[in-house]
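Two complexes, one shared chain (chain A), two partners (chain B, chain C).
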Partner chain A sequence: MCLTSSLLGVLVFVKRRSLLSEALSHAAYPGVAISVLLTSMFFAYSEELIALSVLVGASLSSLIGLYLIEKMKSWKVADDAAMTFVLSAFLGVGILLVSYLQQTKALWYQQIQLFLYGQIATMREGHVVIYLALALITLTFVTFFYHLLLSSSFDTTFSRSVGLPIRRLNFISFSLLVLSIVIGIRSVGVVLMSGMLIAPALAAKAWTASLSKMLLLAALFGLISAYFGALLSDGLPMNLPAGPLIVLVAGTIALISLILSPSNGALFRIARILKFRTDILRENILKLAWKNEGRTTTAKIRTLFPTSSLLLKLFLLKMAREGYIEKRGRAIVLTKDGERRAARVVRLHRLWEVYLFDVMGSSEERVHTSACEMEHIITPELEEELSSLLGHPKVDPHKQPIPQEEPL
Partner chain B sequence: MKPVIDVEGLTVQYEEGAVLWDVSFSIEKGSLTAIVGPNGAGKSTLLKSLVNLKTKTSGRIHFFGKPYKKALSKIAYVPQRGCIDWDFPITALEVVTMGRYGRLGPLKWPRRADKEAALKIMERLGIAELSHRQISKLSGGQQQRLFLCRALLQEADLYLLDEPFCGIDLTTEKLLFDLFKSLRDEGKTVVVVHHDLSTVEETFDGVVMINKRLIAAGSTAQVFTKENFNRCYDKRGTLFDDVVRLSQEKHGGA
Partner chain C sequence: MNPYWNAHFFSFLVLFVKRLFLLITGQLPVSELAIDEVQIFAFALIGISCALVGTFLVVRKMTMLANSLSHTILIGIVMAFVLARPLFPQGDQTLNLPLLLLASFLTALVTTCLTEGLIRLFKVQEDAAIGLIFTTLFALGVIAVTLLTRNTHIGVEIIMGNAEALTWHDLKLLLWIFGANTTLYFLVGQRLKLISFDEGFSRSLGMSRNGATYLMMMQVAATAIGGFRAVGVVMILALFTAPILIARLVTYRLERLILMGSAIATVTALVSVALARHTLSCYQVALSTSGLFVTLLLVGYFTVHYGVLIQYGTKDVI
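Our next item is the complex of A and B:
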């Protein structure tokens, strides 16, 4: 089940319709209640019959909810407002019906209640077989039709213009989505179902930029969540239901992914910021020395860039190891490499000043501040474009010479 | 010879008002045409209604003498960059390879030759090193070149581009101009929604000037007259907008 929902969840997620899964699962609840109610009125108590009628009832109820959302949009109701309304209204109606049933038909009531938060413990072999079948169908669908799905999710216009069967594709995806939700709520419950769709997708997105890898990762995370959720439910001393535990594990994986992801997780982002700041300090020190005939002292550095003297000493040692400077007594002297690096920074600084002054019409005072920021940022490509745009200038607005590129 | 695009009486009307009104013009094969007009003139809508992205209220549009659905394979459309979801998990190479989809089997699995063709086009437009990057990691000019690569891979006879020169660097601009000219020289037809009037005369053979209605269509020399400019950029058209909107509101019970 988790495999199915994670895969389909990715597709919903990348199309930015995650709220839809929430709306669908909540809207299924009154359907569950009504179908059980109707069944109880005409038939004797039978778990198989209930399971079947719930399937039908939940699907219908979900679809009615969806239809209502679309109708509301055509009445000029905002997208999110319509979804939230249907989501809570349907759930509310469902809960009302269920409390009525609680008083009149207690035995049947039990069967409905477990759809709110799921109850894996009482599921049977029949359920497992259905889950497996759905998982296999979804897996096959997503694998075979991968490129079609990629194209239609990313650029519907283009896909239509090359004749892709968008309608049929969307119909199948959507049917699988409703099916997976309606079948899934037996184990994870109506309230938490959308978590099982979105959390693995969210976690996967943090680690990759390709849809195929995202699907694989989401599936993996889904399966891991299922395994550990069930394990915890079994292992922990309290009698906790497995469904919510699975969602909890999935959510934790998502949170960890968001923090630890190399590309945009919080941790790495902080690390990158720190590295950038030290790069800036390094270049500023080199620049200072360059402007002073290639030498400067620790004291002078401290006056311009106040940092603790210990940290500065360590950093200067690092710079010496990197080959940019040499320590000679009390002075710091630039090496040839240091000179080159410093010259480049100064060049970028003055080029940017020319650009601001000539092209953007800034005043002489303002160009300096901006250049102090940009001199650490401009890439070699931008440098080339900048220089040719300005006609390879030789002096900056303050009449200082611009270090030229070294001939190879 | 049948014109490549033949538009007759195109009207597009929404609840917000009339966007296009009774527009008729035709574009010949092997030409480089600019669609110009002030902001809100309906230039993008015109292009979108050509490729069935916007429903037309009335009018007839033919491509190579046939309706859009029958001429699909010969037309490549490049939308405005603002319409793309740049955060989508897709790489540059994957986007360009989509250009070959029209020619693949039903499941659209690209073969090695398709990927090589995609890379070659990307080389030609100078973005081959970016092939494995997620698309949001490209600059404005690179993004524009990316979608152009996809369009070129479609090997269409007609290219429709919506504001391709918006927000790009000088190098890309020059590249695009040269590319359009060589496509035209090869006998293809290129139609561009363009916002920069200063570059029209030296580059484009033909112009379609619109401001909700057609002001003029024809060769650049014919269309680029003071009279036409005055008519195009005057404000007399807004009254029409208000009246149409009022009528729609009344019919809708407002």
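Our next item is the complex of A and C:
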């Protein structure tokens, strides 16, 4: 169940329609109620029969919900309002029907209530067989039509131009979405189903950008959360329902993935920002020491680049370790390495000033600030190009000499 | 003894008007209101509060955030429940007003912050961020409810609402919320309108977009807290959107949207309670009044839509 919903979740995710699953899973509820109602009129009580009829009923009412949302969008209703309207109104209809059933057939009513939060513990073999079959169908579809789905998800115009049946594909993938919702609501429940669709997809997106890997990862995350959710529900003494636990595990996985993700994760972003900042600070200190030749002190650095004194001391120690500076009494003196590095920073600064002044036509007073930022960013290749473009100038617009490049 | 016992649809309406007159002239004390009347007043008050807030939600395309909030509020309710027990051991645990409101504000704040944080810090798509936060928090809420009360019944009741258990004490809370929403509308309604329709201009006047978002989320939280006992947290969404969408079919002016939305909600409240009584009297079937309320709104939307279509022959009159 979680496997299929995770797979479909990815497809919905890349189409930026995640919240649709929320609307559709709620819209399935009146279908559940109606089908149980109808079954109760014509047949004797049987759980397998209920499971089957609910599949049909829930899919139908989900599809009707989907149709209404699309219809309302064509009537120029904003799609978020349309979705909210349909999901809450359908749930209302469902509750109305259920309240009718509650009095007339209490035993059947119990069965419907299961679908609200879901319950794994009461599932029988019959259920498992039905859901397994549906999961297999989805799986086959996704593997067979992988390329079609790929192109239609990311470039609708292109796929239409090569003659892919977009409408049919969309219809099929939405039907599959509905199907997976219908499979899922028995175990996770109507209210939490959309969590199962969104969380694994989001977690997978944090690790990879390729659709095939995303599908695999999402399926894996879905399986993990299903397994641990069920395990927790079984193992803990509190007798907790499995549905919310599964969603909770999936949500936690998604959050952790977002934090740790190598490409866009928060940790790595913060680390990158910090590294950039220390690089800038190091180069600024070098530049200062280079200009002031032997008269640079900690206090002087702090007036120009405000940092806490303890941090700065530590940082200076680190720079001494790296072999850029030496301490002589209170003053900070550059080593040979430090001097070369500092000269390069100053060179970049002044080259950029020349560039702004000569080529871009900026005024002399305004070039300094921009150069203070650019000096930390320019790569050696860019430096080479810049220098030859400007004809290897010797002085900057303020008539200061530009240090020449020294071979390392 | 309920005066509406065995009343039919129309006799119900007549009786209601009579008793309303008595109530206004002071001949009928508030504490003697029948459950049907309490329901009508409760639904109407919630409906009007929702129209005041919901209009802005719809025009600012924020209904999905409201949807998210209506789920996470479960945690807020549970929090209030947990805090109420040690603090007020004797008091009525489910109806501790300040705590409930405080908890709902907190959840509103947390939900909005987390969602915005996901969008900004982690660069997650808006829809996925909303979906992730509220399902996870809601799962947490359901687990908390199960842990605390040993059954999921309370959870079901919070989602579904239980209009049959309303008393006239609930009306006090609803009146407060209604009052607060109305005051806020008169205080900042014009600003909200400006922010909704011309964000650039409103920013140039120094208005804060985030401030407006948080304020609206607070209002949604308070209104949802007020409504959860009557209609449940999911169906309150229908009240936020449906009357406004119906009104939107016939007008595009913001003030009229609010007025018509309120009127639609009030009339639907009356009709749904009368219908529920009717089915009970005539067919001995007790339907969920709140379910009926929302179903009527759904039917109403499509009726009005096609009504406008037939009247004008086109859907682009407005």
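FYI, the second predicted complex is superposed on the first by the 300 of 408 C-alpha atoms of A that agree within 3 Å, B and C clash if a C-alpha of one lies under 4 Å from a C-alpha of the other, contacts with A are read in each partner's own complex, and residues count from 1 in each chain.
Basically, a contact is a pair of C-beta atoms (placed from the backbone, for glycine too) under 8 Å apart; a residue touches a chain by one contact, two chains touch by 3 or more.
Quantities reported herein were computed from a predicted structural model and do not represent experimental measurements.
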Which of the two partners, first being chain B and second being chain C, lies in contact with A:V93: first, second, both, or neither?
second
Which holds for A:S210: it touches chain B only (first), chain C only (second), both, or neither?
first
Of the two partners chain B and chain C, which one touches more residues belonging to chain A?
C
Go through the superposed model and pick first if A:F144 touches only chain B, second if only chain C, both, or neither.
first
With both complexes overlaid on chain A, does A:A254 touch chain B (first), chain C (second), both or neither?
second
Go through the superposed model and pick first if A:S161 touches only chain B, second if only chain C, both, or neither.
first
Just chain B (first), just chain C (second), both, or neither: which does A:S194 touch?
second
In the overlay, answer first, second, both or neither for which of chain B and chain C A:L310 touches.
neither
Return the residues of chain A at which the contacts from chain B and from chain C coincide.
16
In the complex with chain C, residue positions of chain A that touch it
13, 16-19, 21-22, 26, 75, 77-78, 80-81, 83-85, 87-100, 103-104, 113, 116-117, 191-192, 194-195, 197-199, 201-202, 238-241, 243-245, 247-248, 250-252, 254-255, 258-259, 264-266
Looking at the complex, which residues from chain A come into contact with chain B?
14, 16, 144-145, 147-148, 150-151, 153-155, 157-164, 205, 208-211, 213-214, 385, 389
Interfacial residue positions of chain C with respect to chain A in the complex
58, 61-64, 66-67, 71, 118, 121-125, 127-128, 130-132, 135-136, 138-140, 142-143, 146-147, 152, 155-156, 159-160, 232, 234-238, 240-242, 244-245, 248, 285-288, 290-295, 297-298, 301, 305, 315
Considering only the defined contacts, which chain B positions touch chain A in the complex?
51-53, 72-73, 75, 77, 79, 83-85, 88-91, 94-95, 98, 101-102, 107-110, 133-134, 150, 154, 169-171
